[in-house]
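After the structure tokens below, expect a handful of questions from me.
Order as written gives the chain letters A, B, C and D; numbering starts at 1 within each chain.
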């Protein structure tokens, strides 16, 4: 019997959305997932029009996610969607996620997990009890050289980790963009839609997640300087954080959206007592390994000497640059292949299982909580708990 | 009435193929094209198995392209494929291309156009007389910063073009890979499958096409040093070429597959009497503009200051790297949108019309012919004619 | 009447010294300074031997600086040294500096100024009251692109400064080098010779000085995480510091000597509300200016469009790399030319006057003091006072 | 008995000279050479004034080199100059060089060796028969990473050399600068002063010399396209050359002075059957070694893992950039140390003996001759003979 593509329903991602289109490209790229249903806007007319432009069956373009869950559940198992992808602003993460799981769907959810830490705890438990597959789209862990970096740390190439410097500078909010009818800027700087943090929730969480992912360490305490640099803005747009990890490593986390002229310059440097590594998202196919008194090495995506996990997350040989969309697609492909393998009674490749999940989501919300609290505190160190 | 995705049939791209999988990703990425049929191998069983892994309807996975054309033409216009994509080695370009056009299909064809210049002339005429849309996948002209470069030259930012340096160094054939059962190496170094040139046909044509595309100039004469550096190899794996363009500009074209350690380092530098530009495929999102006695400038893909054509060929904001697969997808998307616009009676965006076509294909084959002839000649300059 | 080269006497810089040889090259390079006397080691025989290898008159190679001051002062004004350069470890900065000034010599002193903040205050007053010229060799402010950066900030190109990220990662102390008879490592990690800080005094002060120099801002408070990562080491070898400047700008300062594989990667990034700038010491001839929604610019040393101060601190046209030694030589040349101008009754060029001096030295020692105190404190912010 | 600094007399390098000042810095830097005499201009008053600004004894600033040789030879051996440095335009190379040797002086001569190939042959013989030390200042072979590159090729790390790409693009002559009273442009574009070539003599010779130096190969034939791109210019300002070496390696040499916006971008890439190497003068402290299916390596100047010859030509540890002036100074220092060693009856270090000499000079002039002749020829290949 022939297997079918995995069927996806989408919540959010209509006109003006940035991340919705990204999710669709990521899902489409490898030809293993098919978008079959969706509610793309809280405005039914906009949702319908978006669905048409996506070549969807009009009967499966819905006016609300409640309607979507109800109608899709009436379809045959063969026909109805296999999983749901939620790409709405943060305040519309919790409710549809809970309902998707309750209706029996696997779930892909954009980060951060929820609006509040409390919601995250509830959703975490729900995911764990549901038995459904869950992916939180911390895109950057989908890059092959990040897989390679994590493997090299795990293999002890760097020795005992002493220092972690992670940065996420952007410049797009250097002006008061939210007063100019910019949809992306508006919700991200609105506490009702974004939560208790702007910059730290939007991009700081990516940096935090990346640092823990590569090193395998857990943050144990932090000391934050949180700022709103653009006058009139309602949430933080900048922050510097001192970090301490559970093995004693120290570091810094920088996230800012007012570094004028910066694009999307997530980068990380990790130093152990044997070697160091450096990676920049804007040059994502390169991983530099630094050695003491020996020539540094340039590891390149698509090369035959990379780890299985790194190779499993590339599509092209070295020198054919893959990028952000492919990293994103890796999350979708790994998620889909795991479900397909399960369907077929096969063991999924371990590379497919390596996607960000509920724990990442919960820790990310704890990071948002603590970093903002630390920013308000006169005390140097704040314990990181979940 | 809702419009449908454009339906694609594929010839080639089965097990061991590199470029077939690339074409499929490129076609899938934007969700505007659907693979509905194909003949993936000259071995019917391999073809069937490939089709299954691609989630295709087994009835539309064929054993030969003759069968595919015959059977698809029996389907309703609504159901049958809209265009054919040919991703086979060079010796299987001409015949299926002619037949695709004869059966009324638009055509996407991997480069170089054909096995011989004679075939190219015939196919060129066929394309012109067929009225069908045709795309020759010179991938690298699909990069947004190449669109930007071309626009800046056309706008006179560089002034009168004096120098063109284009290079395409690879290192993967530095060893006698064709003796090791490597499918990619085998056909590319086999005159029966690849034609009269190895390296110059495989990658030299890309470099040649890129130079003419950006500058808008036409090559008028050349002087080539063509080499086979790996003993026992049947075709050239290396060459250096002096160039003269129709405006008097001079330059060099380097293509090699034995530059040990080089990946896929296509790059171009163009200097006019007002400014210069530099672009490297491995850092494709950056275009450097050099000025006389003024600071150089870094143009970046995804930026709001770019030309319409550059912006129309990106999906993400600056700092979210797009790469080779997106450049390839641009060709497919532009091709598909033009056909969709035509169906809908709309004027296609001029950015969609800017894809490599029959003239590029014919000139590319003329380049292969002349560069190999010049390599054998004691005379310095060989006229470039088509 | 012909003018003579400026005559220099040196204290320190004998066998095993790193910085002494650097100072001599810096002084020699432009042919305007002549080494005429010195005490190169506390061991008279080593001093004599060093002097011989430097082609010095044996009569002017001394066994102690007290002897040097006494004997040189007995020479005619025409003959005796014009200024003293002190290149000893930190614990031998204060006493010879005081004496040099007392004996009427202009003074070049390696950083940090002294062993303790208290000494620095006394020396500061002495310099001010002596009327002698003084240069503290914060080398990195001698780079032409740092001059350019400072000018562009002063000219308002960056707008109001919001963020300052300054880093100084090295890796050479990643192992317990001081237990291996390494003279450089030994004194730098010895509190008696280095003072209350290792890393922060050795390189953190450079980073601090650079940030204040370029921005023209003053640090107002800081929050430090100070670490000794190599077991058994007596002083800090690593630290992360949160910064607040007097205009409200925030930032981070990183200095570490255990970033395995890092060389001497001092770098700074400054973002204002109009533009940003980035500079790396290891690529010192390049200054990147980042713009919001406009192409970034690459400013290059030796270019005709640079500020007077930048041009006055280069010797070669763009593309002929100058580096660390030239930056160091700029301090010496500017120092020497100012003194020569004074002799000749001329007004020195304003570029020559721009060298680090007593205030830089005092603030640097205050930085060392506060950063170490903050490192011990549970309170988040420590006021920066002098 | 104490040894003295080596005493230098200079011919040329007065007001408006570029390279004279460079030579003096190079000679001064290490404190082992002293400028004691000179004739800095054919105008005695300009010569005198230049000498004064260089703090020279007015009695040893001469009005002509004939006078200099005569007067200096009247001084005691202890007092008179030890060697002569000639930094005049090409047409004033031959005569003073011959006379310097005849008067018994060692000789440093700026490149290219002479105005014509005939002169070069005579001077070559003179040098050989004189027994004097001779250095032709092909600066770029003075870089430590070039020493490292040469060593790695000699050690077989790259295997059999197959390809050599050497480039020297500049942009400073992109406009008709010689009509604007620019001294540097004027003589370099004047056949009477520069010889039969402009660009190829000025910078092409550097590229040629570098390629032969690193590879240890000898050019056996070439095919040149030589251009004058700026209307009205009297000599070539641009050229592209195909190369064949004596081991069968092929390559290209590009030299141009009209690459708008280019600075001084000499660079070389060499590929053998085992590995490749890449070096750029503008990033001179880095040497990239490329491997087949293994991570590339970054070799850095000042590192302890470098060859003896590379280490002997640096002054600072890794991360403290040295540059053009230090490379130039290496030639002077090695030249001077060899002479000092000889005086002291010691064996010079083999690193000091590795400076460009008479053979480099003669081959360089042969290159100029053949490349210009080939440019005029309709025949593809021109044999390279000396």
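The rule is short, and it goes like this: a residue touches a chain if its C-beta (ideal position, glycine included) is under 8 Å from a C-beta of that chain, and two chains touch if they have at least 3 such contacts.
A quick map from chain label to UniProt name: A, B, C, D = Oxidoreductase.
Worth saying up front: this structure is predicted, and the values here are computed from it rather than measured.
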Could you find the chain whose CA centre sits the greatest distance from that of chain D? A
Check A-D against B-D and say which one is joined by more contacting C-beta pairs. B-D
Chain A to chain D, mean C-alpha position gap in Å, rounds to 55
What's the distance between the Cα centroids of chain C and chain D, rounded to whole Å? 34
Please report how many Å separate the Cα centroid of chain B from that of chain D, as a whole number. 44
Per-residue overlap in chain B, given as positions that touch at least 2 other chains: 262, 289, 296, 300
Chain C residues touching chain B in their complex are 288-289, 293-300, 303-305
Under the stated contact criterion, what part of chain A meets chain C in this complex? 158-159, 162-163, 165, 169, 171, 174-175, 223, 225, 227, 229, 238, 240, 242, 244, 250-252, 254, 256, 258-262, 269, 271-276, 289-292, 296, 377-381
Mind pulling up the chain C residues that touch chain D in the complex? 2-5, 18, 21-22, 24-25, 28-32, 35, 52, 54-55, 58, 170, 172, 262-265, 281-285, 300, 302, 315-326
